[in-house]
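Next up: the structures, one after another.
Both of the next two complexes hold chain A, though its partner changes from chain B to chain C.
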Partner chain A sequence: MSTPISMTTPKVTRRAQTRLGIALISPLMLLVIVFFLFPLGNAIYYSFVDFDGIDPTPAFVGLQNYTRLLTDPEVWHALGNNAIWIVIGTAGPLLIGLAQALLLWKVRHAGVFYRLAFFLPYVLPQVAIGIVWGWIYDPVSGWVNKALQVVGLDSLATGWLGNPNTALYAVLATAIWATTGFVLIIFLSALRNVDGALMDASRLDGVNAVQQLVYIILPQIMPVFLMVTTVTLVGGFSVFDIIFIMTGGGPANATNVIGTYAYTNAFQLSQISYGTTLALLITALSVPFAVALNRLQRRLSLQGTGA
Partner chain B sequence: MKKPASTRAAAAAAAILALAVTGCTGAAPDAAEKGSDGLRYLISQPERPSELDAIRSDLEEFEKESGIEVTLDVLPLENLRTVLQTQLRSGEGPDVFNYDTGPGFAGTLAEAGLLYDLTDAYQDNDWKIYDFARERVTFDGKISGVPTQLEEVGIFYNKDLFKKHGVQEPKNLSDLQKAAETFTAAGVTPFAVNDKEGWQGGHLFSMALSSRVGPDGMEKLLDGSMPWTSPEVVAALETWSGFAKDGHLPDSPNALTYDNGNALFYKGDAAMNPTGSWLISSLQETVDFEVGFLPFPAEDGPGIFTGGLGGGSFVSADTENPEGAVELLDYLQSEEHGRWQVETIGTIPAFPVDTEGLEVSPLFAQVIEDTAKIAEGSGEFGYNIDVLTTDTFNKTMWDGFQGILTGQKTAEAVAQDLQTASKQAAEDK
Partner chain C sequence: MTTTTALKHIETDPAPRRTARVSRKDNGMSPRRRTALTGKHLLLIVLSAVSLFPVILVISTALKSEAEVRTDPFSLFTSFSLENLQNAWVVGDFGSYLLNSILLSVPSTLLVVVLSTMAGYTFARLPFRGRTVAFYLVVLGLLVPFFAYMIPLYFQLRGLGLLDTLPGAILVLTSTGVSFGTFFMRAFFSDLPLELEQAARMDGASEWQIFVKVMLPLVSSGAGALGVFTFIQNWNNFLVPLLYLPGGEFRPLTTGLYQFTGGRSLDIGPLAAGTLITIIPVVVLFLVMQRQVAEGFISGAVKG
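Entry: the complex of A and B
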């Protein structure tokens, strides 16, 4: 039976180690307190008062903002759009990025060119992407409708961002285009750590490509897969900028998500407290998903599975 | 084992909050620095590039006269409304800016304490803004801005297309509907309606409603003595939903920007363009066909123009150079500047200007004559709703009108939403 290290370490050394530990983590803790915990506490405070952006002593309203949130039909509509965004906006880049990564995995010629080409949209500002894709979807001069006309599919041409049936999916397609490059690069890095010997052996055993993907590749890149899933999924909860730029939440709220609805209330209608409460809803909904996926990723890492 | 997990959870929570916070605030401008000597002046993108050049030259004149350096910022109108609010709230706003008047626009900024009180500046400089116009920028007894232009909202029409298709100028709503049917049958879009930005819907609704209920009816609706669920309101909304259903509007008008809608009219693809008199100067420069301007017709007559006040100039409450800002506003209201505004920019100032001897087109002369009646208080004019109501009401109206154009909402449902928003606004007062 081994003796715990703490029992054998002299008290003076333990104290010095403690001091060093505190000294090392204190800058980070300071940043966490100033930039994360203080704003979080502030946001919680504002959700219990009626702040219009000017009155320095807003009235305490208790749970009024929360009850309003629960009874506001637009919140549920926006949450529904968030759910669509989370499902398609997470699955889309993952599937397309994985497929692209598998195709580029063994590419030797011009591999850098392809990686750069696919990654480029990810480094572009969301605002620029939103504006340019707004032109692409333009019903009069946009090339999507023009292309449809050229190939004889005029009947499919529509005002993509003005049609309530297509607007959300048109913005989603843009977001998937912009995010896939990031997923591709991460998966490509993870694929480099897949056991080549195992792949060769499976080929000799007559395993087909789908079986290789399911039984060999995916288990080995699973923690990375989960990390990418976490990032894109949480992004789905807090999505704001691209929708705001491309549709502003319209037409007639058809593309409203909680982020755009929070902004409208806080900054366009001067209902800062209600907007803050909506922003807190994003936090409250996304944290359990982020933590659960994080724990799963950690468990898989401890089991020794993964890239 | 629990401790690291909870630390990560806290970090994740904080990170997500940070995402939410950064996503909902926007960045401060870095194009021009605020300074105590100079001024940052924000305007919306003019209709014509030449107009912007003229404004720059005009500001150079002011710089020479006053010795105050002015940095001009220009934003597209659709971005200006949201960007400006964010900038002002973060204390990074321009010193002087152009914005819409009325409680739903400047009133919201004044209520949030974001506008400089110009009451004393009015007295000190003896600014001669029309009384009705000054009232529209007065909030809680403080004059918060300087109205800059009078305008009319109606229907521009392509006289050549009307002649080609044998269509007469509509004398009533039935004539307008028949004209629309003729154009649709001929493959010409009757109305260049566009509503991507949302605010256009307020104008379209205002013109149809004003002609249906007249000035008195509009006043009753706005003061709450007539409900927004009245049959006349529903009928005005149904006029537009009917046009949409009958194919008299472009495909997906909610996807069309204001500029794109105008382009349809400029190109001759659309026969009529329902919008405001601010477009006249662009029309003069752009089109080679003859243009007429008529009010949205009433059921039993030619109808009335929706008229009143357009935008105004405002000073940020946080300006470091209030004296310089007031000096710029004073310059913008000189008699000489008023004549320049009429002749060069093609808009009508909100203060008396002697237009004798100025060279203007017959179309613009018609608008000058009409708006003079607004200033005098004579003649019948409708009201542009969005400059007289609250931001919550406007949002309801704009969203509702987009819903009308796509068929997402019925006229009755939108009217009910407007009534609810109106009641809410009255309770909030």
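Entry: the complex of A and C
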């Protein structure tokens, strides 16, 4: 780790450092053990028993929860929704965020205002976002249907969140609206590393905007592109709040993802063990990506300090 | 993963360096370029409007008269009244939700900042046997989603008598923030030059004095950014109060709002007012401390 243990550090100092170090991390370690590691261990235990929330000595059932998970059609349906969520919920903010960043790149007047306006949705609580977008999607007086009416597309108007065919995509659109600003800010910072002289020179050489984007800009911001993708990927497996708030997984399970399905099982059907096993599935799927992200960020930060 | 250092200056305007050169160019700008620039701004304004529209909708609906909400809830700024805010506060119980949000967010934020600073210093500066193992256990919290252990945690809190209590929820909120916090603060302490502590040690300072008097003042900006970020996270947190404060006595704004949508979905006026009360602190904090907020969110992105 960061401090090299210097050969010349006297023994007294080292002992004092050890004492202080242990004193300083003890409260944290206690908290981490009690509120994280212990329940995490318990989660694995729960997945091998049949716990209903009451019986203190639940029966051991071996891999039954896991085999049930593999044969449960709703798991596959929910996983499919997670996949849709991840693909569209990653591509959407990436493309829109990149477009916005390129638009904003050289803007000086009111640049700060635009940045604030775009980033603001990202800091809002999901409940508030869910409620307002519920109004925007309102079948009768919502803005989406009103707008469709204005342009003469009344036939497309629907109860966006109540219609099983549109609900997932409606919630997704909301999520994209909320995360694009975050992606934009990261892209903007990456664009600052793009060589201005190279851009100018290429323009003189008659290179067009698309070529500039493909050959000069994109290679420069590729690592950031990867990072943002992994971030949204990791989040995509454990998505819960916004779906739970806007549709509760309905109508008729249409927007169920593993997160909402796990919640329903554990807290509404009292199938604690099965719910926990589902939650562990989310973990198993997202951890590899989280590890990759971590590596990526470490590499990025090394590049950043060098520049 | 010290993205912090890499992306620290994200919200600071990249322009100043360029301003002088380009503004001179502005005067001699060709009409075609001027049109292009105007078009660009128009597009940006439209995009900003889309981005801000839901917030504007909340404000507009919250500040409408009751009668207006009933007939035309979502048209923008057709009347003005504080009835909805009053109703939300008195009938809708949003006054006590607000208090609970403060009682949950403030202590948990302070705890995260204090614990993370202490641990961050240790992991950056105080080597001892077993430190690496401890570090990995803390960092594991960055990789494992809250979902993995939230269900057993419920029963554990129940067993400890902490379910549906403020201390229980505060400790859980704290525990969800410390992994990132420790990581974040460690990066700041690692950046400080070794000579500082050596010099202080030469002067006869104890290890504790080096930490408190020499190092701590130098990371105050980092601790501040962590504090702002953590506060927003805790204020916005939905799952923790949903799961661990089920009784309703200590319900904060987030789950209070959710409860309100389920119960009386037709009370759009007070609901809008409640939403406004919920987002005001976050929006104000964001506008005042945008750089710290962005910094925190960008380096905190790991936690899904």
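Assume the second predicted complex is superposed on the first by the 249 of 307 C-alpha atoms of A that agree within 3 Å, B and C clash if a C-alpha of one lies under 4 Å from a C-alpha of the other, contacts with A are read in each partner's own complex, and residues count from 1 in each chain.
Keep in mind that, in the parts below, a residue touches a chain if its C-beta (ideal position, glycine included) is under 8 Å from a C-beta of that chain, and two chains touch if they have at least 3 such contacts.
Source: prediction; values computed, not measured.
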Applying the touch criterion given at the start, work out whether A:D52 contacts chain B, chain C, both or neither, answering first, second, both or neither.
first
Mind working out whether A:S202 is in touch with chain B, chain C, both or neither, as first, second, both or neither?
neither
Now for A:L269: first (chain B), second (chain C), both, or neither, which partner does it touch?
first
Check the residue A:I129 against both partner chains and state whether it touches chain B (first), chain C (second), both, or neither.
second
Could you look at A:Q17 and tell me whether it touches chain B, chain C, both or neither (first, second, both, neither)?
second
Of the two partner chains, chain B (first) and chain C (second), which one does A:F36 touch, if any: first, second, both, or neither?
both
Scan A:Q212 for contacts with chain B and chain C and give back first, second, both or neither.
neither
In the superposed arrangement, does chain B or chain C reach more residues of chain A?
C
With the two structures laid over each other on chain A, which partner does A:Q64 touch: chain B (first), chain C (second), both, or neither?
neither
After lining up the shared chain so the two structures overlap, which partner does A:G250 touch, if you call chain B first and chain C second: first, second, both or neither?
first
Doubly contacted chain A residues - partners chain C and chain B
32, 35-37, 39-40, 43, 53, 138, 141, 234-235, 237-238, 240-241, 259, 262, 266-267, 275, 279, 282-283, 286-287, 290-291, 294, 298
Listed in rising order, the residues of chain A that touch chain B in the complex are 32, 35-37, 39-40, 43, 52-54, 137-141, 157-164, 234-235, 237-241, 248, 250-254, 259, 262-264, 266-270, 275, 279, 282-283, 286-287, 290-291, 294-295, 298
Across the complex, what residues on chain C touch chain A?
1-7, 9-11, 13-15, 18-19, 22-23, 40-41, 43-44, 47-48, 50-55, 57-58, 61, 72-74, 115-116, 118-119, 121-129, 131-132, 134-135, 137-138, 140-153, 155-156, 171-172, 174-175, 178-179, 182, 186, 190, 194, 201, 206-208, 211, 232, 235-236, 238-239, 243, 253-255, 257-258, 261, 268, 271, 275, 278-279, 282-283, 286-287, 290, 293-294, 297-298, 301-302, 304
Seen from chain A, its contact residues with chain C in the complex are 1-3, 5, 13-14, 16-22, 24-25, 27-29, 31-40, 42-43, 45-46, 53, 100, 103-104, 107-129, 131-136, 138, 141-143, 177, 180-182, 185-186, 188-189, 192, 231, 234-238, 240-241, 245, 259, 262, 266-267, 272, 275-276, 279-280, 282-283, 286-287, 290-291, 293-294, 297-298, 300-301, 303-305
Which residues of chain B touch chain A once you look at their complex with the stated criterion?
5, 8-21, 23-24, 81-82, 85-86, 89, 108, 111-113, 195-198, 250-257, 260, 263-264, 391-392, 395, 399-400, 402-403, 405-406, 408-409
